[in-house]
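Have a look at these structures, which come just after this line.
In the two assemblies presented below, chain A is common to both, partnered first by chain B and then by chain C.
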Partner chain A sequence: MITAELQKGWAKSLLEAAGSAPAPWLEELRSSAGALIDGLPLVNRKQEAWRYTNVEPLLKESFQPVVERPSGYPGEVPEAITPHRLVFVDGWFMPELSDTALLPEEVTCGSLNDAIAAGDERVKNRLGSVADPGEHLFTALNTALVNDGLFLHLPAGVKLESPVELFWLNSGGETPLLAQPRNLVILEPGAEAVLVEHHLPGEGERYLHNGLTEIVLDPGAKLDHYRVQDESEQAWHFSRIVLDQGSDSRYHGITLAFGGHLARTEYNGLFTAEGAHCTLRGLYTVGDDQLQDFHLDVRHDVPHCSSREQFKGLLYGKGRAVFDGRILVAKDAQKSDAELTNDNLLLTRNAEVDTKPQLEIYADDVKASHGTTVGQLEANQVFYLRARGIDEQKAVHMLCEGFAAEIIEHIHLETLREQALARLRQTLGNL
Partner chain B sequence: MSTQRELDDLVKAGYEHGFVTEVESETLPPGLNEDTIRFISAKKNEPEWMLEYRLKAYRHWLTLEEPDWAHLQHDPIDYQAISYYSAPKKAGDGPKSLDEVDPELIETYNKLGIPLEEQKALAGVAVDAVFDSVSVATTFREELAKAGVIFCSISEAVHEYPELVKKYLGSVVPHTDNFFACLNAAVFSDGTFVYIPEGVRCPMELSTYFRINEAKTGQFERTLIVADKGAYVSYLEGCTAPMRDENQLHAAVVELIALEDAKIKYSTVQNWYPGDEKGRGGIYNFVTKRGDCRGDRSHISWTQVETGSAITWKYPSCILSGDDSVGEFYSVAVTRGYQQADTGTKMYHIGRNTRSTIVSKGISAAHGQNAYRGLVRMGPKAENARNHTQCDSLLIGDQCGAHTFPYIEVRNPTAKVEHEATTSKISEDQLFYCRQRGLSEEDAVSMIVNGFCKEVFNELPMEFAVEARKLLNITLEGAVG
Partner chain C sequence: MLTIKNLHVNVDGKEILRGLDLEIGTGEVHAIMGPNGSGKSTLSYVLAGRDGYEVTEGEVIFAGKNLLEMEPEERAWAGIFLAMQYPVELPGVNNMSFLRESVNAVRRARGEEELDAIAFMKLVRERAELVKLPEKLLKRSVNAGFSGGEKKRNEILQMALLEPKLTILDEIDSGLDIDALRTVAEGVNALRSPERSFLMITHYQRLLDYIEPDHIHVLAHGRIVRSGGKELALELEEKGYGWILEEEAAA
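Showing the complex of A and B:
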């Protein structure tokens, strides 16, 4: 059972190792978030948000926050598919491993910590303005321990031709480490960018990644955001992505989740002006000793916005998946258009899924729907393929690929699409 | 589509059944403690085991906290300000036939359009009318007795069929189940007991009308229906309450048990006082309804039309433990004025080849808030279990809300679960089509709304379907146009 003592004690031990902040204002932000922790509800099953996700074993582990930039990285850095590569180790930006030279001069792309230390006003103005640190224990913790992460800023009208690719790696070692990246992405009016994130184990095995990303899209800005979560199978991974979308902005997000012992991805979308659109898609696979958890919360606070959420899961072994999606249409947010679907394929006997797609609608002139399915492969589909001389294993793979293709085909970068497919095949090969 | 004025008309639409019958009542002063429970038990001449059952529940209730997870907002309920017993005063040992019933009561039922005698003669429906907390008239007892059907008040059953009551009471909804069910177990005043013996098809539809009358009187009904092997029964529950200023609490418990090959069909039309135009008053309706498909191939079907109450908190559920058992839930919930409804169902698939269907239609108008909350759980042994859920919401006016909170838990890969939900307003196209063919706007809307609810109304027994349709039209009068 998660007791107040356990939760507070765990957080306290981490906060004690926080280290110093690069600026006084950040110290303030940190301590105000730290002060919230004791008053936060327990992350136990009595909380709706944690009903199906048990983090008790995590709170019984001790972690070492990484409070300084690692001096180096012992392993190989994977190859990038683009010229703009940013490498982070244990949540810290590693300039010597990264290539940002080809980015246009007016674009700021690099370490959040460096930007703060250099007195960047843009960070000071926006950091913490989008994400509520009091959301739950892990967001409060992230804010209370802000150190480094990505800071990406595109001035008005700048359109990046090539994607910016981020690699999140872990250095490993004796004590399990806590990586706490905090990312801030600001696209000024009309700016466009593509962001690709790879969450990889690197040299680490047991570690906790607790990331929080704030994304500000000014009017007319467009961001394609691809995330491949392929953490170690002993790792805990938490990612929260919080969006603040201005008028006519577009956010197109895809998360592919393959790894992690317990991985939770949260999307929190907020439309602040009319005409914005947000698409969230996800594909997850879970096997033995794995739990993938997705929590989506898209708020239509203003009229004339649209959102699409589509998440699909393949479950095998004793894998567990949790999906909780909410669309909220506020009073007066007329002409909102929202759609949410979650489909799950249970490939084996002991896989489990808990899904909860919710609609909360306070306006009448809206289109809102959600749908969810849970089932196994259709026997007659397998039969159809077998009747054509395809062996059973191959038939199952084809059908699973077809199921997953609905998400993967929305990746507009060909190399990444191929990588994703190859990764999926690798998982299916283990079936 | 709707103008403010029309909405105003809607919320001001008077409550048809708002009158109070002056009957002398024997009412317990407000308050709840062990003595209250002993009083109720003594009043009913209950055996010791029943009192023990109540006290056990009460002691457990003291340890519970009122749930707050529902999408509802209301002032805190003061459980000490409620009177837990109110019985119409009766002469002698109570009426033995309708002639002996207080004429004023009969008058009340007549006003409500449920004249007992007429029903007796015309509809062939047996009525166990509940006026406040004590059964005052039971008709068709003898006819049912011929078929071996037991249809009586729970207090009578406690005396006459203690073995059956002991065996089944609390076996589906134990007193530890939830806050309101626990309270009910401690203080339930009366209710209905039905037992259909093996292989018997109940010769008529059974029906109970509830009516809350005494101000400040909680109504804690307890219904227990047991269908033995191969039995069939259709049970109708309808209710309406007089206009009152203060909130009245209603925490009923309904337990259904279906043994092998048995089928229970339970239909409800609920039209309690929803509060005035400012949202003052109205019934707080916290009901626990659950059916247990204990036997193989058993079948439980819930149909509900909820148009009344200020607050509705109600999740008629099915435990599908028998193999090949079937659970169904059909619901229409209408909220207008400041009504709030948080309703839905739970389907627990435990046995193999169990099937369930959920059709929920929510209509929100004016300031109404309507939430569907449902759980579908496929247990590890629920081989080839199936569920299909459809929940649609219709919004009328821009001040209301419609919410959907489905929970789906799947522990078996051979199980198949599908859930669909939509939220929309009445489409302009449909309205235009009807208007073009000469229908007034109000008729067009009424037609569209009735069409929206058709799947559910089709599940209601004939008389109820007519009543439900009428009720829906009255409820939405002036809401649209």
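Showing the complex of A and C:
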């Protein structure tokens, strides 16, 4: 059972190891978030948002926050698909492993900590303005321990030709480490970028990644954001992505979640002006000893915005998944257009998904729909392939790939699409 | 090529085929006709190896082997092809990749070399033209959103690629207009050869105008009740199935 004592005690031990902040204003931000923790609800089954996701074993584990930039990285850094490569180890930006030389001069792309230490006003003005630290224990913890992460800023009208690619790696060691990246992405009016994130074990096996990303899209800005979560099978992974979308901005996000022991991805989208569009897509696979959790919360507060949410899950063994997708259309948000689907393919009897699409609509002139399916492979589809000479195992793989393809095909980077397919095949090969 | 002896088959505990005998020689084209519910589709699925069909008695020998002991894919490797009445849609599974996977799986099993992408492309284009399947349908998901005629053409394309020894055409004419039927029939006729056999299953005489069989059988109550040449089809066309069923009942 998660008691107040357990939750507070766990957080307290982490906060004690926080280390010093690179600027006084950050110290304030940190301590105000830290002060929230004692008053936050317990992350237990009584809360709808945590009803199917048991974090008790996590709260009984002790982690060591990484409060300084690691001196190096013992492992190999995977190959990048673009010239703009940023490597983070235990949540810290590693300049010597990264390459941002080919980015246009007017673009800021690198360490959040460095930007704060250098007195960057843009960070001071926006950090913490998009994401509510009091959302739950893990967002408060992230804010109370802000150290490093990505700071990406594109001035008005700048359009990056190549994607910016991030590698999140872990250094491992005896004590399980806590990586706490905090990311801030600001695209000024009309700016365009593609961001690719790879969450990988690196040298780590047992660790906690607790990331929080704030994204500000000014009017007309466009961001394609691909995330591949392929953490170690013993790892805990939390990611929360919070969007602040100005008029006519466009966000296109895809998360592919393959790894982790317990992984939770949260999207929180807010439209602040008319004409904005947000697409969220996701593919998750879960097997034995795995839980993938997706929580979406998209708010249409103003008229004439559209959102699409499409998530698909492939479950096998004793794998478990949770999907909670909420779209809220406020009273004045007329002409909103929202569509949410979640489809799950259960390959075994013991796999389980708890899925809950929610549309809350207070306006009267909107287009909104949602649909959820939980099913198994259809015997007649398998038979059809076998009758064409394809053996049963291959037939199952092809059908699973076909199911997943409806997400993967939306990746507009060919190399990444191929990587995703290869990764999916690796999972299917273990069925 | 195919010998069926005294075949009894249950579906959901109910006996559908009740002692069916049939002999198809190499290079022959046979047609099985019969009223609805006579067991026509059951026969085609039993031959292709679909689950849910319990053989309680009898045997099926194909090219010297016991067909009933083989998995569906093994039957395909051995040269059996079932063109289905309702081809299954496979969302997300690219048609071209599927066709290549199928052709190469069968080639592997037969000890032939797999076709590389270029060689396969050439082959599939050539055969697609034969069955007049628009090339754009090769890039789509298998049968997903295809019209009835397009699905049947895709079936015949698969047949043309796999070059089976025995093709079973299960109501290939259902839901087709005359033009589509003609195209599908041309595809089948192009593949007719002294080495290949066909078993057409149909409700209507119409198909037999386009694909001329050597032998016609009437299936009723789970057995072949009458066999004959082309003239039997004309008689059925004229008098329907009633008279055969009556004669059968009288006997």
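Throughout what follows, the second predicted complex is superposed on the first by the 431 of 431 C-alpha atoms of A that agree within 3 Å, B and C clash if a C-alpha of one lies under 4 Å from a C-alpha of the other, contacts with A are read in each partner's own complex, and residues count from 1 in each chain.
One rule holds for everything that comes next: a contact is a pair of C-beta atoms (placed from the backbone, for glycine too) under 8 Å apart; a residue touches a chain by one contact, two chains touch by 3 or more.
If you're wondering where the values come from, they're calculated on a predicted model, not measured in any experiment.
Participant: Chain A superposed: clash or fit between chain B and chain C?
Facilitator: They fit side by side.
Participant: Using the touch definition from the top, say if A:14 reaches chain B (first), chain C (second), both or neither.
Facilitator: A:14 sits against neither chain B nor chain C.
Participant: If you stack the two complexes on chain A, which partner ends up touching A:370: first (chain B), second (chain C), both, or neither?
Facilitator: Touch status of A:370: first partner only.
Participant: Count the residues of chain A touched by chain B and by chain C, then name the partner with the higher count.
Facilitator: When the residues of chain A touched by each partner are counted, B comes out ahead.
Participant: Going by the contact rule set out at the top, does A:334 touch chain B (first), chain C (second), both, or neither?
Facilitator: first
Participant: With the two complexes superposed on chain A, say which partner A:406 touches: chain B (first), chain C (second), both, or neither.
Facilitator: Only chain C is touched by A:406; chain B is not.
Participant: How many Å separate the nearest C-alpha atoms of chain B and chain C in the overlaid structures?
Facilitator: 15
Participant: Which residues of chain A touch chain B in their complex?
Facilitator: 48, 52, 331-332, 334, 344, 346-349, 351-376
Participant: Using the touch rule from the top, collect the residues of chain B that touch chain A in their complex.
Facilitator: Spelled out, the residues of chain B in touch with chain A are 69, 71, 378, 393, 395-425.
Participant: Over in the complex, which chain A residues touch chain C? Could you list them?
Facilitator: Within the complex, chain A touches chain C at residues 378-381, 383-392, 394, 398-399, 401-406.
Participant: Across the complex, what residues on chain C touch chain A?
Facilitator: Chain C residues touching chain A: 48-51, 71-73, 75-77, 81-82, 84, 87-88, 90-94, 98, 101-102, 105-106, 109, 141, 158, 162.
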